[in-house]
Amino acid sequence: MLIYIARKALILLVTLAMASLAIFVTLEILPGDPALLILGIEAQDDTLAALRAQVGLDRPPTVRYLAWIGGLVSGTSGISHTYAVPVFELIGERLVVTIPLALMALVTSTLLAVPMGMLAAVRRGRWGDFGVMGFSQIGMAIPNFWFGIMAILVFAVVLGWFPAAGFPGWEAGFGVALWALVLPALSLALPEAAILARVARASVLETLGADYVRTAHAKGLTRQRVLWGHVLRNALIPMTTILGLQFAFLLAGSIVIESVFSLPGLGRLIFQAVSQRDLVVVRDVVMLLVAFVVVINFLVDIAYGVIDPRARRAG
Amino acid sequence: MNKLLLGTAVVVFLMITGLTVGSANAQSKNSLMIGVTLEPPHLDPTAGAAAAIDETVYANVFEGLTRIDQNGAIQPQLAESWTVSDDGLVYTFNLKRDVTFHDGTSFEASDVVFSFDRARAGDSVNAQKALFAAIETVEATDPMTVKVTLSRPEGSLLFNLGWGDAVIVAPESAATNKTSPVGTGPFKFSRWVKGDRVELVAVAPDAPIQKATFRFMSDPSAQVAALKAGDIDAATNLNAPEAVLAFQADRNFEVAIGTTEGETILSINNTRAPLDDVRVRRAIAHGIDRKAIIDGAMFGFGTPIGSHFAPHHPAYVDLTGTYPHDPAKARALLAEAGVTDLAVTLKLPPPAYARRSGEIVAAQLKEVGITVEIVPVEWAQWLEQVFRGDDFDLTIVSHTEPLDIGIYARDKYYFNYDSPAFKAVIKRLNATSDPAARNALLAVAQDIVAVDAVNGFMFQLARLGVWRKGLKGMWRNAPVQAIDITGVRWE
Amino acid sequence: MGRHPGFVLGLLLTGLLGLTALISLIWTPYAYDAISVAERMQGPSAAHWLGTDQFGRDIATRLMVGARNSISVGVVAVSIGLVAGGLLGLLAAARGGWVDELVARGSDVVFAFPAIVSAILITALLGPGAVNAIIAIGIFNIPVFARVTRGAALQVWGMEYARAGLAIGKSGLGVTRDHVLPNILSVLIVQATIQFAVAILAEAALAYLGLGTQPPAPSWGRMLFDAQTLMSIDPKLAILPGLAIALAVLGLNLLGDGLRDILDPRLRTEPVG
């Protein structure tokens, strides 16, 4: 087991190192001069040079790469070229929007998907199943940003129940802030729920056929108790795995939804930072997202290793 | 499992509470909430070109020796009065007394010297360093008097000193102005919620507006919804003209169609064959239909221009008839120039005015036999390829600097126009101070670039402001990049 | 066929998509970039079946050409993934060892980048445009196909007949060609159909962000982007392109599911995403 974990940890480190290199090289060859963007069309050459020196862009690439990695490891933040504040601070300010949004989407999609998946499994081949699977197909086909646009049209423009866009900030009141996240969270949750409902249906079907469920039935437990007690608990294991991975992708996948609703989240930050060539910000945000995915994958692998000894050999 | 249930219950409860708290949001009458499109990258107007910086802090937080008023005229600000020597080389400014910076330090001549020397220094990162190019020395002759000596006469010095890039900063706070600006204006910086808003509070306890908030809403439809919901009181420049339509019939709002200094032009690379042939450029001029562009891209908001000059300026001459829309004439000119199957690229920067008019221009030029390939670019690429790299055929951009026809006299400016006749006119202009004579020279200058069809002159950008009825003192026009709220009050 | 109503519906919708795109090659009601500002934002009429957009262009025409755009993006992006990923997967399965390890680690790295983030970086690098969007989506498809191919191929390699092939002196390439490839083809076809749908969604999202297909070429995602500030004035501008995307993706997903059921009964477990 220790060897297995060590191997997985090594893979984790190698993946992170390769990713950091890929990020750095990509940003290095990205066309566009950050100094020119900051100072605009009337800027003089000496002013541009002064600015580049000020933010350290005049140092050789290897020095900047090592300084970046050193900073990440020791926890010292770079300074954003445009905002002139530490990047970690900037990321922190955005995470207070993006993480609650992703969590809300995750909870909503789970609350929608689990009952639907169970219903479909129990009613396999009948109308309930048909309805759920139909919903799932439609949910997967509708682009989430279009759902968001339509939700704005209906619930904000026509009915006026929700703000059309923007985020008032948590200090505007918890309820007000949360309210502004409802439509975006729903837009994110819909396709997730559609996928998750299928996973839920499949895993419930699988557990329904398992020996211990038959035994439970044989013991005379009521159908409901078997379903909610045994089946759901076991079906939750594969679903939690999927949920973990979904969460990582919700963080990044919210870029489009954050654009639709003009939310000041992580996705907007990376989008704006790329167009402003604030590369110090871009590389840290991308690295954070990558690290998130990789670490979750690592944890999932470890969990599987614990549950299923065969996984340790398979690699 | 129980934890999961508990968590779910909490979230559901929160959603319900959110539902009940959601709508109530009344405006008290001494606060002001303004929706703006772009968030400033930082708040130091002396260290960046972004218009959003000036819009937030110019005149409100930071002040210069002079200021530009709503009509584009020069007014005294931190300089109470000034005298100019007969040769135009020495300016003596008498400073306003009893002015303090927001951190409590007093404003004196030494601050002016510091600010201007900082902007002119070798390691300066001032985006408009050229504004100070004529300055030889800046001296404090006494704590309330500053003497600025020039190396050559500069007719626009007093105007230049009214720019946001020339505001007066204190040595104690200059280094941290980007994140916590300290100026002498009637509002002081309170806080900045990144990605969402900047808050300013009044210095004077009896000011009509005690708290002013700039909220960043990149999406015009969000600004419209926020205005209607009362979340914001004003939007000073809706970058989607169609959004204005929603307010024109609404009695609760005032719609202000004002002017800007933005000449929106189809820039042509004048040295690239066959665009170096004036007949080809005239064909392009005949090929574009300004009315269709203004209607289609700007929903009718915008004034056609025939040269690189703002229609509201006293020296303006209407030259839109120089090359009227005439596809047949355009084709004839192309044939005369021996150009067949002309294919060009049109690089479009991100703003909606550029992308939209670009699509229409491409369709219009197709009508006269010019194939236009649209290449959308980010600002970073535009600056590098078009503005600095000379790598373009056509582009669309709005030139927002006030009175900037002088760019046509610059060597190696991005559209590569080179006319000795025009340069001579600008040289005479710089040496002329009589207003009538200056206007006459400006008229000649306008005519030369129009006749040479240097660029496709399309329209002057309109400033589309919408605010709640009862809000007085908002600027209708934008002679400088500013949202000056120092004279705003509720009635 | 009657036992697969989803498959039939998927076939119909996909067929409709393909047919629309084919027709648009030889005929559309108008030119897709014919601007007529005076006729902008009209409702449906005999002249313009689905009305006109903000520049007075015919929406039906733009949707038809948009279908063609979506299909070409899907075909090319999936082909990139299928060819490159398929070869890598086959190689990894055939050689094992460090080659396998290399392919797996490479896939890990690519997968670690959320697709939309790498697409933003790639378009910033190469400039926005349909081709670069295709490249971005295609690159993301490579590890998808590499993993699927490797998994399926390993299963075949585990079979008696594949080992027997090696025993009678066939090369790894020979076994791959004669036994592995024919047996995993159905898996690849199913995966390709699903990825096709994913690619259409991805292209729409990129175009919506302003990174995909560029005007005046019509793209459904781009049409949605342009519609956002106009939808309170004219909702159909936002509704129609979204419907087109949803129907196309629905059709492809149903087709993929149906194909899985028909081609490969062994795989008739419930599909995941």
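Note that the chains are named A, B and C in the order they appear, and that numbering of residues resets to 1 at the start of each chain.
By our rule, a residue touches a chain if its C-beta (ideal position, glycine included) is under 8 Å from a C-beta of that chain, and two chains touch if they have at least 3 such contacts.
Keep in mind it's a predicted model, so treat the numbers as computed, not measured.
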Identity of the chain that, by mean CA position, is farthest from chain C: B
B-C or A-C - the one linked by more C-beta pairs in contact: A-C
Where chain A and chain B are represented by their mean Cα positions, the distance between them in whole Å: 38
CA centroid of chain A to CA centroid of chain C, Å: 22
Whole-Å gap between the CA centroids of chain B and chain C: 43
Residues of chain C whose C-beta touches two or more other chains: 124, 228, 231-232
Multi-partner residues of chain B (each touching 2 or more other chains): 219, 221, 224, 350, 378, 381
Residues within chain A bordering two or more other chains: 31-32, 152, 157, 275
Chain A-touching residues of chain B, taken from the complex the two chains share: 1, 7-8, 11, 14-15, 17-22, 25, 41-42, 48-50, 122-130, 178-179, 193-197, 215, 217-219, 221-222, 224-226, 229, 231, 350, 378-381, 383-385, 387-388, 401
Residues of chain C that touch chain B when the two form their complex: 33-35, 37-38, 40, 54-56, 124, 127-129, 210, 214-216, 228-233
Residues on chain C engaged by chain A in the complex (per definition of touch): 6, 104-105, 108-109, 111-114, 116-117, 120-121, 124-125, 197, 201, 204-205, 208-209, 221, 224, 227-228, 231-232, 235, 238-239, 241-242, 245-247, 249-250, 253-254, 269-273
Contact footprint of chain C on chain B as seen in their complex: 219-221, 224, 240, 242-243, 245-246, 292, 295-296, 350, 352, 355, 358-360, 362-364, 366, 374-378, 381
Chain C partner contacts - residues on chain A that touch it in the complex: 11, 14-15, 18-19, 22, 26-27, 29-32, 137-138, 140-143, 145-146, 149-150, 152-153, 157, 195, 198-199, 201-202, 205, 242, 248-249, 251-253, 255-256, 259-260, 270-271, 274-275, 282, 286, 289-290, 293-294, 297, 315
